[in-house]
């Protein structure tokens, strides 16, 4: 298949959506981003890379970070991880605190904020310097040694992150955060504040697509079964209350972030990252969702 | 791969679970079933069939019926269907009425009871005699002309089905059932009360696995894209509040029923049906779940 | 105090609100009522009666009926009643089915629909002909032998009462309705469909204000303590999710109905009934609420 | 009536309940209290005081403080207060965060923790030194110049008060806390940590019973109508999800605290305070509830 042509066709077809939606603007650093950018990077497992648009512009990965921290936590905890969180879809938007309170501090899954805060707590338990480790892990995964935290973003998020602080306090109330709340929040916000391009993300997601190869990066190892299970979690939980929608329209495991990025994989075939800052009402990139829907339609290469 | 050996290995490995859990016993006809039965039938897309155990014993398909009625409704309604229901996972067990009330009578997805009641209402709108049509559709899909409704089961279910009657009345309150409530309930309970064996179900699910072939049975036609989308819905919504669990452990689109059956598919590869009446706390067959988990582990053939 | 002057002053002061809000119109018989009516009747325990406006026009008492059926149920069940329902305020409007499902079929209190449906079920258990008894009980309480059911209203309500049917089915599912659902609904809707004037209601509420006198009507007897406790329930639960508001602004135990009536009492002092069909968003009479607020402000005679 | 005899009779009758329930022990200072204490103080509006048991032992007033801070906030805000909180009962225990999230940061009423945190924020807005003012206000109300904060208790509460911190962060997220979260929490916990005896509390509640007299203490003034309305709020919201129960069994406006105290009033008649540390499952003093139920039964002096 001529993937380059496919990407170019997609780029043309999503053009009419370029002005729809609004970018996240709850912190200055996100509000400053030019919203009219759009890029795709596709990495096939046979080693080819295809890009269109702003595929090399770095942006805030935000919740896509939850996939990377989950990989680290699975390495350390294995199936024990599920004593502290579930692996079921969260169902509805209004569930952030509601569900957590009903379910006594056990987050529904690791890809919602509550779950990622518990994951951050695990990293703090298991590592002397998780901040340092995490960025090294991402550099190795992506093959880009210049990746870094944007500490302006992290500080801004933390200064206005009252909802996440509420969640962290509730988790602590139920004993599901063991470390210091501020330390957990600080690590969480920093992990969200890494900046990566579509190219970086596609490269970093290749190991999750290539589950027959050994996963071993910076000492983090995952089995084939564990990688498949991470894919299953991305499939059912990766898009908040649009998980069903993404599964229906796109049909790939993936994870979106409020910075406008989406990374997805097709097992044994490819990893793909798209980016465009303008979001729909559910917080997912409008052009990104559209681009991925077109990609699996045009290539007929989804998991279904 | 020697699938027969795989099935036999599974049969041996699930044996220790034979006495775990309890069968559904809320109506006499289900309570009378010998709970210590277990069967598997695998149909590959190249036309081979493999079975072990009680693969030819017919049982009540119950909620697996929701897949068949959804196929009919998608044919008639296309994307209009989503005006009357969602396609997001329902999240939690306690949500049956709760969620429906919060969301003003729009069921979360077609594979929960509320969604299937709306689907039944659609069938009643579109067809002169949906009871007659539905069983003909299943006979053709399964290639078994002797399939039939068990009207003792249907009548028993309806006589004690107060929760479903509550849901139907709530849907009517919100205008999302247009026909007569009793008629909708009657069709719904009859569709659940069809009896099929693992062999029948595996055969009937082959068209959902074989999405490149035209789907055309008794005048019901679906496009490749529609079949893929049905798979996506089964993947995210097919197991009530164990959808994430099934995706994590098994990694196949599928649908379970309270009669102890589970039907699942691997796109372009196979359809598989398992059956054992004893259920876990979430209402899914214990040996059935275990068998499918082993199957995708041993064959390494899941969607992930 | 010159109560007649007080009522006339109130009548003048509420005049500007005469066109605010809309009457209930979900059934033809309620929609046909001239909405621009307003009446008050005050009965003091020393036997005087004061009226203004349309105090002798009969209207549909609707939920005010729940007080009368509760009195009958308390007579028969005593404290056993609380095994089948609670006596806590229901909190929020959206709780009708939600709360009932969370709390496994135990209605929050007897003055919400779910509670009154259980009360109707109790009447059916305890009496050979509760329909006949109930109207006799109201005739005796009000001293008006011509009171009757409006069966057009009852039939209309039942024909569109899907939400109440949903609640009744859910109660049956949890085993908290023992009789036939349709029979329970029929009695419930008939009890709501009695027509009474403000004068009838004020008279019928006098025994609930006069708790030192023996309560004995048509064989229904209540102790002083039971009457006080009924007042407590009216105080905390009589106005759905405006119970706090009514307590704050008016400060009397009472019960409202969607027909626009409100009956309230001041223990050892008086019973008062107001009526005006136009309702606020919570389903309570706008002029009625305003009139009662003025009454307790002008007389300084509330329970606080 | 011989109130002293009534109190002595109550003391005898509640004796069998002395060992039921457990005191609050989530912080050391509360866990250290001898749980087998019990006291009552009654203050009639004609100026007489009656006591039995440990009526002069000071204890942690905890949530009873919410009444005092509400009085201050009503003085400053008047009816504007209700832009930032409701005055409806909260319904259920599990609603703390759930309800707040559904209702977008508007606490259901001022007597639950969320409401009292907003009240604390108001005090911080309106006063230069609310910590100093609040204790002076209580000293004047109670006539006891030696009242003080127990800062060990306040510090302990704050160090483990993750649920309250979660609530405060959620309120801040919705913009309903304007000041610094830590400052709000600190004031809130200090106000809860004042120590008063039954005698102090009964005296301090007399002005809320005596609504015909001008309320003017340390510059805080309330009108007759405002005092009555505070009583209405105590009546419907003073006992969390036992408000209906307390209204049903006791029939007085009041407020309980987790330290085992309950203060209540009968308008124009008396204020009464009871204390015993052992709590029921809802967090209210077992002997205290029982004693007040007996008091209104024996004296027949409730609001109903």
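We just call them A, B, C and D in the order they show up, numbering each chain from 1.
To be clear about the criterion, contacts are C-beta pairs under 8 Å (C-beta built on N, C-alpha and C of every residue); 3 or more make two chains touch, one makes a residue touch a chain.
Please read these numbers as outputs of a predicted model, since none were measured by experiment.
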| item | value |
| --- | --- |
| Most distant chain from subunit D by Cα centroid | B |
| Geometric centre distance via CA averages, subunit D-subunit C, whole Å | 32 |
| Distance from subunit C to subunit A - Cα centre to Cα centre, in angstrom | 55 |
| Centroid spacing, where centroids are CA-atom means, of subunit B and subunit C in whole angstrom | 47 |
| In subunit A, residues with contacts to at least two other chains | none |
| Contact pairs between chains, per stated definition | A-B, A-D, B-C, C-D |
| Subunit A-touching residues of subunit D, taken from the complex the two chains share | 94, 96-98, 101-102, 162-163, 165-167, 169-170, 172-173, 181 |
| Subunit C contact footprint on subunit D (complex, rising order) | 86-92, 95, 99, 108-109, 211, 224-225, 228-229, 231-233, 235-237, 241-245, 247-248, 251, 253, 267, 297, 300, 302-304 |
